[in-house]
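Below are structures written as structure tokens.
Each of the two complexes below includes subunit A, the first together with subunit B, the second together with subunit C.
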Partner chain A sequence: MHQALVPTIIHGPSLRQRLAARGFDSVTLLVLPAAIFSLCLFVYPFAFGLVLSFEPKSGGWLANYERFFADSFLYETIAKTLWLAVPVTLLNLVLAVPVAFRVRLMRHQRLLTTILVLPITLGTVLVAEGLLNYLGPQGWLNRTLMTFGLISQPLKLVHNYWGVFASLVITGFPFTFLLTLSYVTGIDPALEQAAATLGASASQRFRHIYLPLLMPGFAITFCLSFVQAFSVFPSAVLLGAPAGPTRVISIAAYQAAFEEYDYSMASAIAMIMGFVQLAIVVGVLASRGLFYRGPASGAKG
Partner chain B sequence: MTIALSQFDEVRLDHVSRDFGALNALRDINLTIRRREFIALLGPSGCGKSTTLNCIAGLLPVTGGAIWLDKSRVDTLRPEERGFGMVFQNYALFPHLNVRQNIGFGLKMRGTPKAEMERKVDEALRLVRLQGQENKLPGQLSGGQQQRVAIARAIVIEPPLVLMDEPLSNLDAKLRLEMRAEIRRIHNELGATTIYVTHDQDEALSLADRIVVLRDGVIRQVGTPKELYEAPAHLDVADFMGFRNKLKGRVLSHENGRAVIDVEGAKVSGIAREKLAVGAPAFAAIRPDDLVAGEPGPNALAVTVDTIEYRGREFVGTARSAGGLDFVFRSHLAVEPGAAIHLRAGDERILVFAEPA
Partner chain C sequence: MIRDTTLGAKLWAAAIWALVGFFVLNLFAMIGTVVTSSFATRWLGTWLPIGWTTRWYDSAWSEFQLGDVLIVTFQVVGAVVLISGVLGVTAAYALARRDFPGKRLLVLLFLLPLLIPPITFGIPLATVLYRTGLAGTFWGVVAANLVPTVPFVILVMIPFIEQIDPKIEAAARVFGANTFKLFVHVLMPLLLPGILAALLLVLVRTIAMFELTFLVAGPTSQTLVVALYYAVFAAGVRAVQSIDAMAVIYMVTTLIWLIIALRFVNPTQIVTRAKQQPAH
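After this line comes the complex of A and B, so read on.
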């Protein structure tokens, strides 16, 4: 009889509680605008382009890709772009590391950082225009070198590979530097001091302590800087030889779209460009697995 | 035992100073540390004790004076050339290296042959009782285990001097006591000459052969724990040694090492520890243990009890006098907050100091 008076709870936690336990609650809704944004502006155009690339003007559904890889004028753009983007990114990284190590110890860090970041705000076109004047046959650099008798003929530094190279280094360096600086300052200075008291010289400290701890950060920095350099377009046209050694892949896509009016082909080239980037980025990020990736401070603290 | 000691007689700090711009972090430090000695540098934060340690380690250059290891000058050497072992406050273990690699790091940098290195690391692991943990990364260890790795890493290179910078401050109270005993045991077993920085007088008293009390970059007193505990030379040293009651008064008389001062109209007499001028301000310093609730009389002051805390064996109370002096005392009897009582201490338990400059 009296058993009926005892309320029996047979239902478990509510749906809301179960969702919250898995990390879904009303706060999760805040992700929605970003999700819609990326859906409309990234996922949809990407899918649209992918489908478009399989609908060529003539031929089978793979005709665009077949044409790209059959025509040396087209497929060589991959190698040309890589030949610019990879050395530029590596050079920027190699330059950024010593500068970051020095800036880490400075007191007026903000001023220097501002100066270094300036090229980002100028934009690639302005830098390209400036370099045309500065590095051109009648530019300051050549005139100065000739005045001092160091060269007899002006150096050819624009409208070729090196013009684009210089422009990419200038616009890419600040970005690479800022990322590198954040990784370098993220390492507890006590680790270096500890290594020093244990007898490690400066080069040993760099090799055994900093380098292994920085490798994952360098990998990320490389990827982000590489992707920027790989999509080079304005400086390749303005400072390079867009029909020759700096005919990069984005120029090929541009020509397909706006000179041949073949959007399908242009989409195919854009897809190929995307997959080349993706392959490099995945390859580099996967190599991070070879290194330690935990926190770079000494202890729980 | 495979971890041997470097042979030397003494480390000498000779008029060492260190300035940061206009700030004199260390002023004219003279100190001789003998082989096998355990020295504690004790002082409040900002007193220069860590600066001293960093100067000895070579992490900070000295701006004046010299540091000698027997006959050779070391303050001009880079830290990697000094070969002193250092234990950092946050341990500074290399997060990407496992326990064995962390401990072996210093030997590897010295190019020690592999077999010898393995033997020494094994010995260090045994010494700090970390066998079986060799292949873990520092992030997988508890605070106490990380501490042990840091100690092993510093001693395995057989340094003439081991420097420890508040090594226990990141541990909880129970573990701190445990590791304190461990450090003592390792020191007994190995006899490594050690300089140990701490702000905890209990640590300094229990570990050190000699204690150096620093304040504002100046050595205030050097002595054995017993000397410092029983006969602090200055008021700030007394403060560190547990004299928590510091009663300000005026000197009435000072003769034959005894002084009588006037504290809020009451006569308090005790042992004079410094030169005192009659009529000048002075302080009577008393430990809470020596202050007992009692009858009015000599050395007794009328106070009102503020708080009473139960501490198991006894009660710890705070009280305040009519003139606004604060007292900390111990009592075996529960006294009610708000009660008016008299606190008194014996003549022999009161030290009288001049007002600090």
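After this line comes the complex of A and C, so read on.
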């Protein structure tokens, strides 16, 4: 008996047992196929693109970035994209918050949420095609406005900034709204009721109860909506002026890759695009630390 | 629930409903324009077309070779749904049941493709796929589309698996089931509703996924949404009504699956990807 136990004590548990104790066993291995897949098709291409962006067709290792920031046709795309993405995201958020606060009280939210899911599901290409007709000089919108005598000339709403703006609102507003709604409904209504009992008016309840609790959620909603708007591509080509005011950064990257066949330059532009998105997301999320973070949903859920 | 009955509160509510109404009205008018135009004989400078016809559907079908495009679309979508289901559910099971060093890093790895917009990682991905010769082929399009869908399935399935009592699996183990038998006889029946919901959402997203398919597709591996983009891009070559007929066919293919999906999932899940955590 004693002798049989001795080896176990000396060698300790086997490698397999030690791994299992730390959480590695045959079940954990099931994660491997998906992890390898993600490494091959997501991490590797990103790393490859980053390295490739420093291996330009000609010039030193920074030539692509030097060219990007020296050529106004290229570096202006950042400002043009931001000029489109930031106002759209802010507008969507400002519109979504009061609507979410109203819809939260509804008992039958499903019909409205289903209608709002439509433009997200149909995607930007279809929205662009629809808006080309609808907002065009002979479209129903201009026709209605002229019938009511609000305008005398058809408004020019397609093939310029406003066409892309409209398409980003149509696809972006539902996205922002549904995210906001899920944050707003996650807050325990008892907190608001307590404030109301103490005599706070609706605007005071919003400012002093909901807003501080929702700020972290709004920050995430802003980030997700912003990166969507920042990477606008099909509607900027179809509904905008892709050579002028809506030449967004994704068009520049696409043209470098598939019109000039300069994959190195295209990777550099994609990296710059990713970096700008990251900078803004990190900036917004860092400001989350200034607000209250803690439990806000009741025990009843 | 607090109900305000002051005049200001009522005006505020009315203003918000007017805003929602305005948005929904414009949305339907936009869709209505496409549908009306696809059935129009001639529609210039009037409220409604002069006459109605269905011949644009015939011409769109033959001009854009929609038969072939639809077959490719369903093959791509089918392959993406199957592969992301197999890879995603197994990985989600491991992540939901085991705690191991590096798990947070792995979850971050699966979160990133959903947070980064497709066009940002699509360009380096397309570069790699062109170097390996996969781009332009059927499997290149499938591989590109799997990049966001595998993490999507994982993140939707993790909370779903976590709510299943591990004692059920322990009982199956006690009776001698191995991991494979456990999956087939115990977990699959319990997980089926969740898997179905996740895969239907993958299906809808893949039909509508423009950017990734656009960047890697060749002439024979285009899906419907990419064909539609090229048709709109080259507008002027074909009749507007023909393009609109194609757009309606695209809408119908997407909406059929959306309606089926909505029987199983809450619409907000399409946006929020996984079960929302409370505001933290």
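Quick note on the criterion: the second predicted complex is superposed on the first by the 264 of 301 C-alpha atoms of A that agree within 3 Å, B and C clash if a C-alpha of one lies under 4 Å from a C-alpha of the other, contacts with A are read in each partner's own complex, and residues count from 1 in each chain.
One rule holds for everything that comes next: contacts are C-beta pairs under 8 Å (C-beta built on N, C-alpha and C of every residue); 3 or more make two chains touch, one makes a residue touch a chain.
Note that the structure is a prediction, hence the values are computed from the model and not measured.
Chemist: Contact-wise, after the overlay, does A:E76 reach subunit B, subunit C, both or neither (first, second, both, neither)?
Modeler: A:E76 sits against neither subunit B nor subunit C.
Chemist: Kindly classify A:R22 by the partners it touches after superposition: subunit B alone (first), subunit C alone (second), both, or neither?
Modeler: After superposition on chain A, A:R22 lies in contact with subunit C alone.
Chemist: State whether A:I209 touches subunit B only (first), subunit C only (second), both chains, or neither.
Modeler: first
Chemist: Applying the touch criterion given at the start, work out whether A:F291 contacts subunit B, subunit C, both or neither, answering first, second, both or neither.
Modeler: first
Chemist: Could you let me know whether more residues of subunit A are touched by subunit B or by subunit C?
Modeler: Here the partner covering more residues of subunit A is C.
Chemist: Identify the partner contact of A:A196: answer first if only subunit B is touched, second if only subunit C is, both if each is, neither if none is.
Modeler: both
Chemist: Hey, what residues of subunit A end up touching subunit B and subunit C alike?
Modeler: 193, 196, 213, 294-297
Chemist: Spell out the part of subunit C that touches subunit A in their complex, as residue ranges.
Modeler: Per the stated touch rule, the residues are 1-2, 4, 9, 12-13, 16-17, 19-20, 23-24, 26-27, 29-34, 37, 44-45, 47, 87-88, 90-91, 93-95, 97-101, 103, 106, 109-110, 112-113, 115-121, 123-128, 130, 143-144, 146-147, 150-151, 154, 179, 204, 208-211, 214-215, 225, 228-229, 232-233, 235, 240, 243-244, 247, 250-251, 254-255, 258, 262, 266-268, 270-272, 276, 278-280.
Chemist: Flag every residue of subunit B that touches subunit A in the complex, lowest number first.
Modeler: 57-59, 78-80, 82-86, 88, 90-96, 105-106, 109-110, 137-139, 143, 146, 153-154, 157, 163, 170
Chemist: In the complex of these two chains, what residues of subunit A are touching subunit C?
Modeler: Touch residues, subunit A against subunit C: 22-31, 33-35, 37-39, 41-46, 48-50, 52, 95, 98-99, 102, 105, 110, 112-134, 138-141, 143, 170, 173-175, 178-179, 181-183, 186-187, 189, 192-193, 196, 202, 213-214, 216-217, 224, 227-228, 230-231, 233-234, 237-238, 250, 253-254, 257, 263, 266-267, 269-270, 273-274, 277, 293-297.
Chemist: Show me the residue ranges of subunit A that touch subunit B in the complex, using the header's touch definition.
Modeler: Answer in residue numbers: 188, 190-191, 193-201, 204, 208-209, 212-213, 291-292, 294-301.
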